[in-house]
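The structure appears below as structure tokens.
Labels A, B, C and D are assigned to the chains in the order they are written; within every chain, residues are numbered from 1.
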Amino acid sequence: MLALQILIDGFAIGALYALGATGFTLIFGVSGVLNLCHGALMVAAAVAAWAAHTEGAMNSLASAAVGLAVSVALALATFRLVVRPIQRSPAVRAEEREIFILTATLLWGILIQEAIASLFTSNAKTVPPLIGGVTLLLGVRIPRNEILTAILCWAVIGVLWLWVNRTRTGKAVLAASMNSRGVILLGIDLSRIHVAVWAVYGLLAGVAGVLLGMFLGVSSYSVGPLTASAFSIVVLGGLGSVYGSIVAAYAVGYLETMTAYLVSPAYRFIPALLLLVTVMYVRPHGLLGRR
Amino acid sequence: MAGTSPVRPFWPVLAILALAAFLPFRVSGYVLGLLTLAYYFGVFAMAWDLLFGFANEVNFGTTFLIGVGAYSAGILDNRYGLPIWACIAAGTAIAVIGGLILALPALRVSGPYFGLTTLVAVLLLQNFVVIFSGVTGGEIGLVVPDVITTDAAGNYWIALALLAASGVILTTLSRSAVGLILQASGQDRIQAAALGFNVTRHKLVAFSVSALFSGLAGSFMVFYMGTASIGTLIDITIGVQIIIAAVLGGRRTIIGAAFGAIFLIGLTEILRPIGEVATFIVSAVALVVVILAPNGLTGMVARKAPP
Amino acid sequence: MTSMKLPALLTLAFLLPVAGRAAEPIKIGVISEAQAVAGASIAPAAQLAAEEINAKGGIDGRPVEIVAYDDHSSASDAVRAFQRAVNEDHVQAVVASYITEIALALQPWADRLKTVTITPGAASDLIPEAIAKDYAHNRYYFQGFPTSSAVAHMVCDSAKDLLVKHLGMQTAVIMSEDAAWTLPLDATYENCLPQAGLKPLDHIRFSKDTTDFTPIFNRIEALKPDVIITGVSHVGVQPTVQWKNQQVPLPMYGRSSQAINPVFWKDTDGGAQGVILQAFAAPDVALSPKTIPFAEAYRRKYGAFPAESGYTTYDAVHYIADAVHRAGSTDTDALAAALEKTDYEGALGRIQFLPPGDPHTHALRVGPGFVQGVMMQWQDGKQVTVWPANLANGEMRFPSYIVTKR
Amino acid sequence: MSTGLPPLLSVCGLTKRFGGLTAVNKVDFALWPGEILGLIGPNGSGKSTLVKLLMGIEQPSDGSIRFDGAEIAGLSTHLVARRGIGIVFQHSRPLERQTVIETILLGLLPDSLFHLSISAEHRARARAIAEKVGLGAVLDRRPSTLSFADLRRLELAKALARDPKVLLIDEPFAGLTASECAEFSALFREQRSQGKAILLVDHNVRTVAALVDRVIALCLGERIAEGKPVDVMRNEAVRRVYLGGAIEASPRNGSGGAGAAPLLELRDVGVRYGKALAVDQANLTVGENEFVSLVGINGAGKTSLFNAITGFVPYSGEILWRGQPVKGLSAVRVARLGISHCPETRELFGDMSVRENLDLGGQRRSKAESDDRLDWMFELFPILKSRQKQNASTLSGGEQQMLAIARALMTDPQLLILDEPTLGLAPIILEQLSKALDALRQTGKVGVLLGEQNVTFALPHADRIHVMDRGRMTWQGSPDRFVHEAGAKYLL
């Protein structure tokens, strides 16, 4: 009973984490950017969806779509207005680019967060679930939407996998993540690939954000924690490794859920953090290699 | 000395310091209170800059050091009623130990991996403060019964003195032989080692120095604020502010970091009347500076190409 | 170093419009959390009160002027704002923050900067207890809001009627956020619930940062209580929505500050259906002749009903003005002394502060005839008052999946 | 050179394995005070690994390094340095914000945490060293304002500052003009005369011949020859490494070749890296379907020239494609013109399968087109067909090279630029590659510009040969003429 409960909740949470982290790691893999406004994109998507529903009186599907549109737009803006100017800036030396992009995306994230807070207050918002109600599974009562969430996460990850492994653009993206010069040598336009990746990233973050908004709800305060958790999961899994991220996402998801159930909700995050520290010491470069 | 940057800034800075020392006779307690906080943040930012600018380590855990120092000092005062100087000394010492612990991963991992490890250190500290609320005051925050002085000018001068002292020591250090070795190690550890320098040891030193000043300023701040709480000392957003201040002021200049902090806090305060959007505007300004003038305010003032 | 002169100048510019006025205005600083729903009503409500007073010719001819500050829910920001209010803008009194952590951070400053300070929403008993303990150093500080223990007592009293007598409930689980104000709240719950006839089976405190309440609800449900007794303020939307989405078959009953705000229904997308909450004021409950007029005036001016802290702030500004009038001066000691003698009919009810010597010095006096409060239930987008009987305008109703005895 | 006294540095059975591959294999040699030893070998021969082992940057898998009678194998770098071994890195990043004198001072500082101030006597010594290496005039300038030669001098000065007994110098002359080379040689000789031992690491004998007392030649991690420069140059093994076996040209029996319409024209092309002059006034033409070999030892500037053509580095002079200037085009645009560049680094997508790599090559073509070419590639390199599903990173060096070439050809280029395809490959693989190239040439579908140090490999298929040396084109002509005129001179 309890075991099953943990199994199911952990699965849903893990799926959400995985989805959030996938985009994060994709961006790092292809353009080497640790995007610290990740959480802001997720929250923006969720809040936009909420607003579309409550203010704009749209149905849950339409409002979700609005959320996605917003996060894609923001992701592209992040690339054009924040990341690329720094990458191209002659004043920033290569070895310093990292800290500058970190700082800039961080600030950008704060900007988005503040905008959300002053437009819609810092109160938590929840996106209307796609389907309501609960189902009984072996005596465990699960909201239908929780199940749907898990399924959707996996569906999206699956689609991403197909995109990367079956389509030409996807293949090129993957190739770029391994060897950008190789891609250029083949006459494939890297900058167009970057735009594509950021758009896809925005979509992933958006889906994750909206689903999170339906499942748990978000507030402008979630921005930092969401970024931190994506960051942790991705590094835990090994930067640039989508598979690693998914594994790590579930490791963290279940660790948190088990702690919350078996120990106390108050200690929820600690074991995961400790795990992270240990991994950093034992396997400095994360659980899994690239791809 | 082995000029990190020429000795030029010395006189202007001295002049500004002198000016600052006389402020209490001219401006209101509120401006003093504001600057007092800004000065403490200045120390934090300078300590961070020593690590980033000279040892090339991106440390997200600066509030870990501050928090450890501040809370230790606060708890010693609150529970054991030790004299303030003892609390501050102990707090600083414990922060240094924290710094050494934080440095361990830096010797194994680098770049984002190190950044994250330090970030996690902060999150852990945050959680532990909440869990051991019996000792730390948890979410409520720790009430520190003693204050050094309630006089605004007094507090101001303490902070200013601390800022000046830290500034002088850190700048001297960064321009000294050790600073030179640090830079060499930060830039290319193999080459530095090939010159016979024990890179590991120098990194450890850099961390403990950074921790020392973070802890010291943190401890003082507790006795100024009269409380220690996650939101004021440990929260990631504080760390972010410090990093932004340092980058804004101009990395690798030490004093630039201090000006960055004063500018950041000053601007936030100037904009307070316009209400909630203040933070928005401040971050926007910071972002623009980071993107368009990567060498920060001091860079703009010096108007010289990136070193 | 211009960054120090500038704020001064800027604030000056900010104050110019009134600087020209004839009579020296009485300035009241208002420090609040503009972005948090619970704090968003504080400044506007103060403004409204000031306008009313000025419309009636001010206090002995002197206009009241509100100087508002946003503390971004941060104690250090609040301290800075406080210093600015007193040293720079020279306010005569400060109304500050509904968050206990911040109120506690400001408490020492009230004495350091010798300024009367009132919190319109911080409930923790620690605040008045500190005043009682060290009256000399805290006498300028007043708690313009009932204590957590008072809140808890009211929840217990109402629970006795509504849950025990009416629904025959016997057991409960306390679920509260880990915050300063809930410490005394929970302590009191532990005592008064058994007296009310509800046996507390467990007591779950969770971090304010909690986002996933599933484990918590499941733990509670596993204990098979009859009801969940809540103590939440920083969180609200998330637990409520998840409570509804998971169809937790237990009523939520108790203090849920965010749920008092009329926008809560929208924020939870109707998830609030069936939630029973304690409140000291609500738009359509005539706690006093002033309650509804204020709520309406507020809505006319700002387009939405005020949050609870709006009512308390509205009263605070009024009884500060009243105290200034009685004291005939804005001298801090005189003003504090006058405030201690406050006996004022406000939107909350009859306002009096507990006297020095009382373990809860400078806390609001609560109970029949004073600040009384109500229990309300969210029903189809409306807050229906269900307790006390004399104010009730409806019966308790629960969503289908909540099965209550009898 | 071995006088009675014991060697200063003696290496014995030194071995370094990286996973499967053995970078340094049971190397022994000794170094006496007051001698200059040359360590030569083509890229990938294990020179740099060997140096890293000596310096303690890499830890040896096996063998011993004795210095001054003590075992130093496995010591960490800074300890090795303190014993008295110094190194001059080839690629070094100087401290940007320190002046010359300050940088030299760095070398003089003791490894102490408490040594904050810098004594006058230190400054004096720093100045002296600066004077010695010829930096006297630029003491207070920052690296960014220094000439390339001066930067190299600065590196040397830093190393000398520690007054090491043994000095390891990596490619001392790379990027320097003849006169600068002479100055540096003089410096090294002076050090030798002071009883220092110097290990000069370089690609080939000739550059260091005049300077060194002895030479050790490395190939694929093993010592293949040792002795006086002249002898080493005559040594068969060495000649095979650089020249390959006997040189002979093979006539082309197919269309295209010399005299065809010019595809690519280079006019006085020059390439600089910061201060270093990599290519100087290069002129070269490749016609439709022509096969041009550009031979030259490593560091001759071939790669820089190719990078200029394919738009990876800026250049002076003119490059024309079918008569049109291509200056300013991005690498992508250049590739789309039909110039396919197959660099020595191969740039494969390691974690993708052979098939995926090839498909990416054909990505800009239609499915059908790409499939046809795929079949052609498989008949050109049959091994790839059987390896289709395998990850590129798991292929052998030879197979990777074939894949790189095949992938480049998948883009349907009119010109294929091949940079050092034989790098670190076993002779047997060379055979296969050679056949493939010949087949490619016979099809007459594509022009080829081949950069090689291995003349035997470069020669057979070539319609024309260019020789490049220190960034300049020194000879050009037909293969058969090359055998007589240039072949001998090539090494010496």
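The rule is simple: a contact is a pair of C-beta atoms (placed from the backbone, for glycine too) under 8 Å apart; a residue touches a chain by one contact, two chains touch by 3 or more.
Nothing here was measured: the structure is a model prediction, and the numbers come from that model.
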Note: of the two pairs A-C and A-B, more contacts are counted for A-B
Per Cα centroids, the chain farthest from subunit D
C
Which whole number of Å gives the spacing of the CA centres of subunit B and subunit C?
36
Indicate the whole-number Å distance between the mean C-alpha point of subunit A and the mean C-alpha point of subunit B.
31
Measuring from the mean C-alpha position of subunit B to the mean C-alpha position of subunit D, what distance in angstrom results?
46
For subunit A, jot down the residues that touch at least 2 other chains.
117-118, 266
Please list all residues of subunit D that touch 2 or more other chains.
none
Residues of subunit C touching 2+ other chains?
35, 73, 178, 207
For this structure, enumerate the chain pairs that meet the touch criterion.
A-B, A-C, A-D, B-C, B-D
Touching subunit A in the complex, subunit B uses residues 52, 56, 58, 104-105, 108-109, 111-113, 115-117, 119-121, 123-124, 127, 130-131, 236-237, 240, 243-244, 247, 251, 276-277, 279-280, 283-284, 286-287, 290-295, 305-306
Tell me, which parts of subunit A touch subunit C in their complex?
2, 5, 9, 13, 53-54, 117-118, 121-126, 128-129, 132-134, 141-143, 145-146, 216-222, 225, 256-257, 260-261, 265-266, 268
Which of the residues in subunit D end up touching subunit A in this complex?
310, 331-332, 335-336, 340-343, 347-352, 356, 359-361, 363-364, 407-408, 410-411
Contact footprint of subunit D on subunit B as seen in their complex
1-5, 172-173, 176-178, 180-181, 183-184, 187-188, 190-199, 201-202, 205, 252, 307
Per the contact definition, I'd like the list of subunit A residues that touch subunit B in the complex.
34, 82, 85-86, 89, 91-93, 95-96, 98-100, 102-104, 106-108, 110-111, 114-115, 117-118, 224, 228, 231-232, 235, 239, 266-267, 269-270, 273-274, 276-277, 280-281, 284-286
